[in-house]
Each structure stands twice: as C-alpha cells, then as structure tokens.
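Next come two complexes, and both contain chain A; in the first it sits with chain B, in the second with chain C.
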Partner chain A sequence: MAVEVNRRSFLSSLGVSVGAALATAGGAVPVVGVAHAQDKPKGNIPDKPYRIGHMTFFTGPAAVLGEPMFKGQQLAADEINAAGGLLGKRKIELLKADENAGTDANVKELRRLKLSENIDFFCGITSSGNTPALGPVAEELKLLTIFVDGCTDFLFDKAVPNPHYIFRITNQQSADGVTCALGIAQTWPKAKRVAHIHPDYSYGRNAFDHVKIVMKKLMPPSEVVSEGWPKLGTTDFASHITKAIAAKPDLIVSSVWGGDYVAMYKQALRYGMFQKAKFASTIAFGVAPHAIGKDHPEGVLAGVHSNYHFTYPGGDKWPLNKTFVEKYHAKFNEYPNFQAEGGYMATYMLKTAIEKANKIGGGWPDDEAIIALLEGMMMAGPGGYVYIRPDNHQGYKDAVTGFSKNVGDYPFPVLDPDRIITIPIRNITAPPGWPKGDPTSTYTWIDKTWPVVKA
Partner chain B sequence: MSVAPPGPRPAVSSARALRMAAPIAVALALVPLVLPPYSSILLAYGLVMAIGALGFNLLLGYTGLLSFGHSAYFGVGAYAVALMVKYLKVTSMELFLVGAIVASIMITALFGVVCVRYTTIFFGILTLALSQVLWSLAFKFFWVTGGTDGLRVPTPSLFGGLVTGAGDKITFMSHAYYYYVLIMFCLCVALMWVIVNSPFGMALQAIRDNETRARFVGVRIWPYRWVAFLVSGVFTGLAGALWVPLNGLTTPDIMHWTFSGEIVFMTVLGGFRSFAGPIVGAVVFNYLKTYAVGYTVYWQLLLGVVLVALVLSLPTGIVGTAGRLLARFQGRS
Partner chain C sequence: MDVVLIHVLNSLLYASVLFLIAGGLSLIYGVMRIVNLAHGNLYAFGAFVTAWAVGIVAAGASVPVWLALLPAGALAAAILGAILEPTLLRPFYKRAEEYQLLCTFGLLMILEDVLRFIWGPYPLSASALFESFGSLSVGESIYPTYNFLVIGVGAAAAIFLWAFIYRTKFGVVLRATSQNMRMASALGVNVNRVYVEAFTLGCFMAGLGGAIIVPSQSAVLGMGVDALVLAFIVVVIGGLGSLEGALVGALIVGIVREVGITWFAEIELAVLYLIAALVLLVRPAGLFGRP
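On to the complex of A and B.
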C-alpha cells in the first residue's frame, strides 16, 4: 500500500465500535408483530390455510442450535393466526421436517412437501451444507422460499447466482469470520501464534478463510500454528484440543457449533485450554442460550453467528427485542437464539410482502408480486434492521459479537452488555456489483480493497 | 467353509418368470400416466435403488458374501457422473452410464482382488474399510469433490440428445426420466436373471452352499468370487449414475458405511433368498424412509423398530413370507 494505515484508525473507519448506540434508519420501516389497527385487505381472500414447510434439525447435536428456528416461526404464526391469519383470512399451517435425515433425504423431502403436501412456502434450514443442495431444488419447484440459515456464501455466489424464488434471511457466513477476526484485532492485536479448530465442512473452512484474510490485513505478523478439523457432529475433541495446545498458541479460533461446541468447551476445560490461550469463536453463543452452562469460561470472544443475541439490544433500548424475548420465553420457557429470531423475522417479512402486494393488486397476491416486494425490503426486527438485497436475495443485518460473562439472574453466561462489538454490515461484505469471487466474493473484496495495516 | 444360510433357488422357469414380470412392467409403465408427478419421481428412486440392491444380492444371496461397502460402488457411479459434468462438461446420459460403468469396473476390480480372498466377517469388514477410504477421499478432497457440499449434476439429455431437460424439470423427471430409469431397470433385471441362471450363477451358488465341495468338482473359487464381486459392484455403480440426475447432486453421504447399511436393510427387508426380494425391498424401503422422515421426527426410531420386527418375524423377508403364504393358500384350495 502506498499510504500506511494505522490499525486503530482503520478499525474505526470500518465502524467497529464497542458498546455503541444503535444505528438508526430513517423513513417508514415496517416492524415485526401484528399491528393493532390492520388495514382491511382488498378483494376476495380465500380462507384456505397457508401451508409452510419448515425443515430444521429436530434431532442430533445440531438441534440445540437449529430447533429454535421452528419455535421462532411458530411464535410468529400463532400471533398471526390469533389475528385471523394472513390478510385476516388464511391461517398459517406449519409442517415439520427433520433436517437430520441427511442432504439427499432432504432433497426428497422438499419435493414431497411441494408436490405431495402442496406447501405454499418453504422455510428453515440450518446447515450450510444443505442450502446449496436445496436452493436449486426450490428453484426447480418454483417454490417461494426463505432460508433462515444455511448461510454459506456459496449459495448465492455459485449454486444459485441468479435467485428468483429463494431468499435467505440471516447473514452470510463470511460475515461471521470477518466479525470474529475484527473482534480479535480490536481486543488482542498482539496475538501472534494462532491455532484453529473448525468443523470439517464448508462452514468451518469459510470461517477459517475469512479469519485468516482479515488477520493478514490487520495483524500482519500473526501466523497459523495449528489446524484441527473435527468432523461435524463429533463429540470427542480431545485430540484437537491437545494438538492446538501443543502448538503453544496465543489465540485459539473456532467455529465449532451447536451440541459440538458444548462438548468441545466442556472437554477444553479439563485441559485448561482457556487458561493457556485466548479463545475466539464465530458461533459459541449461537446455540439455544440454556445449552451453555455456568462453567463456560468468561471473557472469551463468543460469536453469535447471525448477529443476534437475545440480550442485545438490551433493556428498553429496542422495544421489538424486549417484547420478542418476553413472548418467546412465555411460550417456550427458554430464551431465543439467532435462529429463533430468524424464523420469526422471516415469517413477518413474508406477511409484510403479502400485505403490501394485496394493497397494490387486491385479492391473494401471486408469488411474483410477493417476490418483487421482498426484494429490497427493509424491516425492523428484534435484532435490528434487516435489508434484503434485490440482486442476491440475501438479508443483511449489522454484525454483533461480544464477550462471555455471567450477568444477573441468567442461569447461563451471556454477552457482556458493556463490551458488545457492533459493525455496520456494509463495511464487511462484498457490495452489489462486486464480481463473484473464489472462495467467496467477500474474500476477494477484502483481499483487493483492504490495506495491510501498520502494527 | 462358508457358513452363509441357503440362498435363492430358482424354482421358477424363465418363461414363467417372464409371464409374471410382464404385467408388473406394464403397470410400472402406466404410473406416470395415472398418478401425480411426485409418485413417479419417488418410484424412480425406488427402481434405481432396486438395481443397486439387485447387484448387492448377487454377492449376499447367490455367493454368500455379505458386503458392508456397497455404498462405495454406488458413490463411484454417482461421482463419476458428477466429475464428468465438472471437468468434461458432458451432459449426455448415455456417456454418463458408460463413464460410471468404466469407473466402477476399475474400482471393483481392484477392491475385489483384496476382498474376495476372505469370507464372512473378514470380507464384510474389508469391504466396509475400503468404502470408508473412498468416503474420506470424497469428504477431504473438497477442491475436487466439493466436500460435504457435494457436486451438482444438471438435467442430462437422454437418448443421444433426443430428449433434453429444457423446460419444467418436474415434468422431465416424472416422465422422460422415469421411463429412462424403467428401461434401465428392466434391462438390469433381465441381465441379472440370465446371470444367476447361467452355469456361472450355478457355480456361485455351489460356492455359497459348500466351498469345499465346489472346489472338488472343479470350480475355481477365487476367480468366480472376483467376477461376482465385479458384476455386483457395476450394477450398484450403474444405480449410482442413474440416481444422481434424480437427486440433482451427489454428496459424500452416499459413500458412507451407513448407506451400505441401507442397502443391506433393503435386501433383508425384501428377502435375500429370492431373486425378487431385493427389488421389492428397495422399493418398499424407499417409501418407508421417505414417509418416516416426512411424518415424524422419530424416523430413525421407526426404521430401527421395523428392522428388529422384521428380523424377528419375517426372517425370509417380504417376498419369502409372501411366497410361503401363497403356497399355503394354494395348498389349501
């Protein structure tokens, strides 16, 4: 680089801020929840139930992360049904499918849901191995779909570069790795020796790539001293933990998630891993909050994956979050994770698009009208504003991460409310018009446009 | 000496078998015309698996060797197609089938040399281990195989480009592709019938029933087993190739030993002691798993219970039990 850039000033130019106020958006942004004074829908609305197929992990170690997605959607559906249904007439009917059946069985099941059960809308999906398989199938079936997660960049970079029927609401995967690495650069800029432990599939490799590229730019003296690739769904991490510790790292980065992560941190405690090195995760607190025990170490960078943790925005700062958490807790007697927020949000974005389309055209809108209105929609939800980019049908929400801490009455650690890190999403993802890249567009964008900072 | 239980005995003449098979083939041909598209797509999956299970049963039912690694050959067929798409930009289904057959011949020939020297549990473990090697290659070499994301396979063109998948994919799969699978299925069934009723097939059964006696009458055990292994693997590889366009992509899941377990399950379900057993088993299993996954999150429990109930109550499988009931009924009347 011709001009030398200082790390601190570059981080602040990205808008990486600790404990900052919320960003604000102007204009009339629709909000989640059932409005008190609903407009009367125009035209004739059939009273046939609106059938939604919802696929997520109901069994296996991934269920502690994935199942809340269904609960989030169920909560929204119950609220909407209590007010009469979509456009006051069509009650939402949810059909469950278990994502744990494997990618190939999932493809079959999606076809069954559409062709045999005649679902109107498909939602869900946790694993990033599944959206590249199911996305093209949903397009073939001409089935309106909002994936809640399954956040691989690969879906809209490569598998379905010009989506029509499919959308995705949670952030792209690359944002996880970048957010985590920026949190590291902000907190432990002197860390040199870095060990990695990632699940051996696309999410893990994606996290690894993006943490690495950001560190190359912002912590140039750092080096990777160890790599561990446990299989997804494994519960034995001993060899990966000891290997990482043996490399004498300053910092251990991990993207192990769900029940796998719970098993990993408990085993890591036995080896004293958290005393031997700093620990940063892209997704530690992505599981349902109660799955993490009080024994979880404090002060680790505990990512929340798709930028939602139920404690942020906390208190009365953001009423949508407060009411969502209260309603969710009242219904399920547990706290929501990012998937629950995603499922809830997806349902309300769909509802909003249907209502707007009805206002314009009257009657029950066809899918084309709903799609046109979902494209470019911005909506306020529990976790903040979500914007759906028209060019790639991807939802964008500002990035959030933080540090684990035992706070107040929660029976599990949460994010330290005084040290929440937030980053405007547009500063860490490839913008519209940036060419599709390898391994991801965001990767090439960072590689080509970010400076290498002076220590 | 082999300890495998007695296997199929062709009690049916070829002419009689043809008379029994013809109405079934006609009924299968009518499916896309009378039932909704989803039924024929689902049945196509079942027929594809039936080809694979038929191949598998040449080893289990006729040669007395229980392979726990047939997922490998299914996967080789599927990945051969996917890699032809990725690197050679091929779209013709016929070329896919040729490629899959060549690839599965190469792999089964090699694996066969290692495996057929052993029988019983040793054979089973070796086949399982070798299939896991292939699985981990598909899993780990993600820059070639796509890792867990797998490789996508677009709609192929059939009959040398006469039928293309332009237009609605669901219509293509439920009609053109269904008939393509049905034709391949009929050819495979006929070919397997000829094989098991040939002197070669008889020799395999002799080996199964008593290895020592077979050797005394001059059957060369090792080469016969090796050829049976080869034929078995190629049938399963062909099933893999037909399966990929149906599924749209291939992932390492189909190379994993649990998928081998499903092939064993199908065959036991239908009954490995009859020619038609694996066919019926594969089709029934396909419905069973699809609906179990669709209707309950406890689908694994349901499949497990079915397997246990099956082994305890119907040791000869659906076809064996149906045959016995039929014989009793005919004896009474």
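On to the complex of A and C.
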C-alpha cells in the first residue's frame, strides 16, 4: 500500500541539508598527515623502498582531470618520506604510467609494472573505461590496489563483484546523478520541462539515468523535453545549446566536464541559455576549479562529482582541509581537485593500514593483513570522512554539491559557502547485500524503495 | 521560425570551419598527391597560437588588437608548413605512398606532443574576443555576433581561393602541376617551389580555421584528431583533391550534423559516416572527384 510522502519531509529524511557544518572528528578515527610523535614500529622493518605504480592521464584532454591525482599522491609520499618513510623505514618510490595509452596498453603496463618493476602497490586510474579492465587483472596478479577514481558502478556491481585485492576511494558514479537531482529537487522543485546535455559515453549516460530516476520519484510531474549527446572532447556546443533552448525547458541538466564544459558555458552565455532556464551540473566545478572564469553564471548548481571542492569544509572549521589546500597550493601553484584529494587520501589510508597491521603482528605486514585493515576503515581526510565498505571495497564519503558564486578570495567562482548541500552517502547508495542491478544497483534500489512524493 | 534560422546559422558556422580544414587538405592532395594526416594538428596549432596570442600575450588589450592578432595562428601554421614540406615530406616523394602516410601520421602525433609541451595539458581560450562581440537578437532568440565573423571568413576564403586558382597565373601553374607534374616540370615550372607554396597555403587554411574558431570554443589537446576525421568525411563526400567538393562536402556535413543533433540525437556521429558510406557506394571518387 502506497503511503503518501511529501517532498520536503522525504528530502530531510535523506539528510539533504544546506549549509550544515561537518561534525567534528571523533577520537578513534585516524586522520591524514604525519603525526609528530610516531609510535615506534614493532619488529624488524626492511629499508627497501616501497614501490607504488601510479597510472593516470599525463597526456591528452583528460590530463587536466587526472594529473592532480598523481600530485595528491606525490604530496602525501613526500610528507611520509620526509618523516622516514612507511613505518619509519621504507621510502615510497612512485612510478608513473600514462593512462592515455588506451585500455589494452594499460592492462599490459599493469602486468609489466607488477612482473618487471615489482611494484608493491598499484594506484591511480581516472577513466571508468579502465577500472573494469584493470580490476580483474590486479586481482589475478594478487596486486594490492587502490583505484582513486574510474568510478563506474559497473566495477564492483559486475566486473569484480567480490574484490579482494582492489579498493576504490572516490564516490561511485551513481552518486553524481543522485546528488545533482536531489539538489534540484531541493532548489527548483517546480521545474517541469527538463533538457539534458551529456557527453556521449558511460559517465554521461550514468548521470542521465540517475538524474532521471530521482526526478521521477521526487518531481513526478517533470518530463525530459530534450536530449543532447555531444561527443566527449568536443568544444562545439552551438547545436546542442540551440536544441535545448528550442525545447523551452525550465531546467537544463548537464554532465559535460573539463575543457568541454568551459567551452560550453561560454557559448551558452552568448546564446542566452542561462536566462532561459535554470542550470544544474553534476561536475562543473569538479575537474579544474581554477579553469572556470569569473563570467560563469552565479547561482547555478555546480556539482563537484559529488566528491570534494577545495573550499569545503571551509575556513578553520576543518583544519585537515585547510592545511591540505595550503600545502598543495604551495607545492604545485594550483588548487586541488577531487582527484588530488583522492590520491592524497589513498596514500594515507594505505599508510594507516600498514601501521595498524604492524602494531598487531610486528615487522612488515603482508598484503593480507593490510587488506584486512583497509576493509571497514574510516578515516578523516581533507574532504571529510571516507569509509571503506568491507563487502565491496568501495570508499564512501558524504556527497557534496553547491551553487556557483564569485567570492572575493579567488580569481574564479567557487561554491557559495553559505549554501553548500551535503547528503549522507549511505542514504543515496544501494546498501550492502542489495542485489546487483541494471544499469546500477543504486538505480534499482532507488526505483524499488523510494516513494513517489506528493508535491 | 527564428529557431530554424539559428539552426541554419549553426550549420553555416560549422561548415565554414570545416571548409577551411578540408579545403586545405584537398588542395594539398590535389597538387601533391599527399594525404596529409598531420593536417588536423596544423589546425590545432593555429588554434593554440591564436589562443595564446589573444588570450595570454594580449590578455588586457582591446578588441582591435585582438582582431589584429587573430590571423597569428594562420600565419604560424603557414610558416610551420613551409618548414615541414622541404625537410620532412620532400625526401618521401619518390617512395611508395605508405611512407608518406607513416611520415604524416607520425607528424600528427609529434605535433600533438609539441602542443602539450609548449602549452601544457590545460585548455587555452581566447574567449574575451568572443565575449566582446556580444549577441544579436534573432527574433525571440539571441545569437553570438562573433559567429557571423566566422561564417564571413569561411565565405571569403572560398571566394578568394576560387579567384586565386582560376584567375591568377599562380593558379594556372598550380593546376598544371596538379594535372601533370612531369609535363609542368618539363615546361619550366619549378615543381619544388609549387609544392612548398601549395603546402604552405593548405596549412594556412587549416591554421585559419583553428584561429577563427578558437575564440568561441577553446584550444584543447585532441581537437586536431577530431577535426581530421571530420575533414576526411568532407573530402570523401566532396571528392579528395577538389575545392568545390570541399565546399559542398562541408555544407552537407554542417547541415546533416545540425539536423542529426536536433532530431536524431542518438546517431549524431553515425549519420555522417552513413552519408560518407553512401557516397562511396554511388560515386567512389566523391561528388566532385576525378575518377
């Protein structure tokens, strides 16, 4: 029997909140960074370098997204090495590999890194096309791996449903569409006619599906009046913008990212698109925060891949973020994106697991011990808490999005600090044990368990 | 009604840039019988140079200065072409075509890395120029004024090229070389010079395409390869080596793409390949090609 639920109370039951402060860290949760007084490691630790293979985009259009991932890990590795290395003995050695070589070449490179370079740990990966190919290989090689991104739900839904050696840090893809749609339902609940412009590949399709299913539940009178599927990497959006405007939408939703997005919003300005409709993006400010110009319209829902924007948590509220952003900016002269935070976080989660395992067993822990401690780990990082679910090895972090605003301190717009939207991740992702679904488990979970609200 | 007009303008905008790229490709093939795979990145090079000149070097300057700097990308691409032809391509003329393909393909990839090496992985924009033009009302809609400039340059380039090739002495020499290189050479034409001039002109057109469009879009890595693929569709439809073909092909692709995006969103890319396939089946040399 259907129970009538109204939108406002359902949103608040999901914990969608605007301008909420992050709860302060509890005592038992480990935090990123190198403590001043480190516990002396137990037993004999070899001083052999700990070799990490890091694969991300160093070339090609996606480098703007992927390269900060490496920089984040490099920052963490430099900090750890300056304090003596892992367990005070083993210096981290980073080996770079370029993800731009293509999926087949990446698989070969992963094997080579393990078999010829003898890496101890594999990290990185930006593209959702690559994790489902590399994941099974890392499992086969018994290679301890933390993917920073490559966030497709498909990896742990289908490609590696029972992971042992592989983990992943940043939120999975479905969270993007869901977060964006909840932001829309919260902000513009009356929007009826919705136009979509998404890049024509897995990320765009995934964003479209999840925005649509959430709007079906929370804004039942809404309908899709136009779809545009520009090719990934294009910078010409004239036709897609014209088509969207011609459909007379109340709202335009997009998951176009990176340089493509910069070109799109500049063209959209000249076509008057932002005057004709509200605008919501899953990832506008997520890729390269500093690449967005001051001319970017204010007050649009500017997503950050549901993950992290360097201005949140802001000010002195969350010192872990403040120090991370300062150090990152000092080293690389740019602001970190969510990949940088992910790379940094992954390195410290590994370090923490190694230290805990050493405390229990002494000496250098084997991978099984590290894996056991990574499973279920909760850690406080720059962007808040990351929890690694033991059942699917996926990292979960509360989702964040917000509204574009020009704030005095930066030469580019950031998220309006007074109107940050946060959503507890457990309320927008399929719970453990939920049957694997199509297109994603989260999609079927929302479809089957969320009520259709009354306006 | 005004929406239809905007669709038409969008098609012309796209066709203008495509004609510049494909026209250059076709010109080079017509005269030299070389399929220049590096052509896409000469277009990208033009875009990057203009974006750099307008967006970075003259960032605070005024609109006339930016307009004066706009052709910088075209000139840079022309100079690059004038250097590449005698040094890299000339040694391969006597060899089989595969060597030329390998050479220009290698060049395509090298240029991509050169762009990254010089300007880094981030997109480069000259959008201030695009913005300064504002928008023009078209019925109830508005349309970016700058796009009219792009369409105008595309049309002017087509007229200029036609006049250049059919109304000047150099054009006669060019056509003679293209029809029979040995005979032209026997009659005293300096073929090496014609080749370097044709190649330079082709590169100039590609660079102009990049330079003129970059203010409204932006220069990104990978744009050259995408443009190359589209230029090939244009020349397959129009006929490789024919300038009329490049013009008609660019118009067909521009219109079909606009129609495809608007009414058949799911097959936006496929529809272009379908047309190319159809032309290949019916007229393998292209609509205006010499069989």
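Basically, the second predicted complex is superposed on the first by the 448 of 455 C-alpha atoms of A that agree within 3 Å, B and C clash if a C-alpha of one lies under 4 Å from a C-alpha of the other, contacts with A are read in each partner's own complex, and residues count from 1 in each chain.
Here, a residue touches a chain if its C-beta (ideal position, glycine included) is under 8 Å from a C-beta of that chain, and two chains touch if they have at least 3 such contacts.
Computed from a prediction, not measured in an experiment: that's the story for all the values here.
Shared-chain residue A:178: touches no atom of chain B or chain C. Touch criterion not met for A:377: it reaches neither chain B nor chain C.
Judged by the touch definition given at the top, the superposed model places A:240 against chain C, while chain B stays out of reach. In the superposition on chain A, A:256 makes contact with neither chain B nor chain C.
Judged by the touch definition given at the top, the superposed model places A:104 against chain B, while chain C stays out of reach. In the superposed model, A:55 lies in contact with neither chain B nor chain C.
In the superposition on chain A, no contact is made by A:151 with either chain B or chain C. In the superposition on chain A, A:194 contacts neither chain B nor chain C.
Look at A:295: by the touch rule set out above, it reaches chain C but stays clear of chain B. Across the superposed pair, chain B and chain C both touch chain A at residues 58-59, 200. Note for the complex: chain C touches chain A at residues 3, 6-7, 10, 13-14, 113, 116, 121-123, 125, 127, 130-131, 134-135, 141-144, 146-147, 213, 216-218, 220-223, 226, 257-258, 261-262, 265-266, 268-269.
On the side of chain B, the complex with chain A involves touching residues 36-38, 41-42, 45, 139-140, 142, 147-150, 152, 169-170, 247-249, 251, 253-254, 289-290, 293-294, 297-300. Contact residues of chain A toward chain B in the complex are 58-59, 96-98, 101-105, 107-109, 111-113, 115-116, 129, 132-133, 136-137, 140-141, 152, 154, 159, 200-202, 205, 232.
Against chain C, in their complex, chain A makes its touches with residues 58-61, 63-64, 67, 200, 227-231, 233-236, 238-240, 242-243, 245-246, 258-260, 262-263, 266-267, 269-272, 288, 291, 293, 295.
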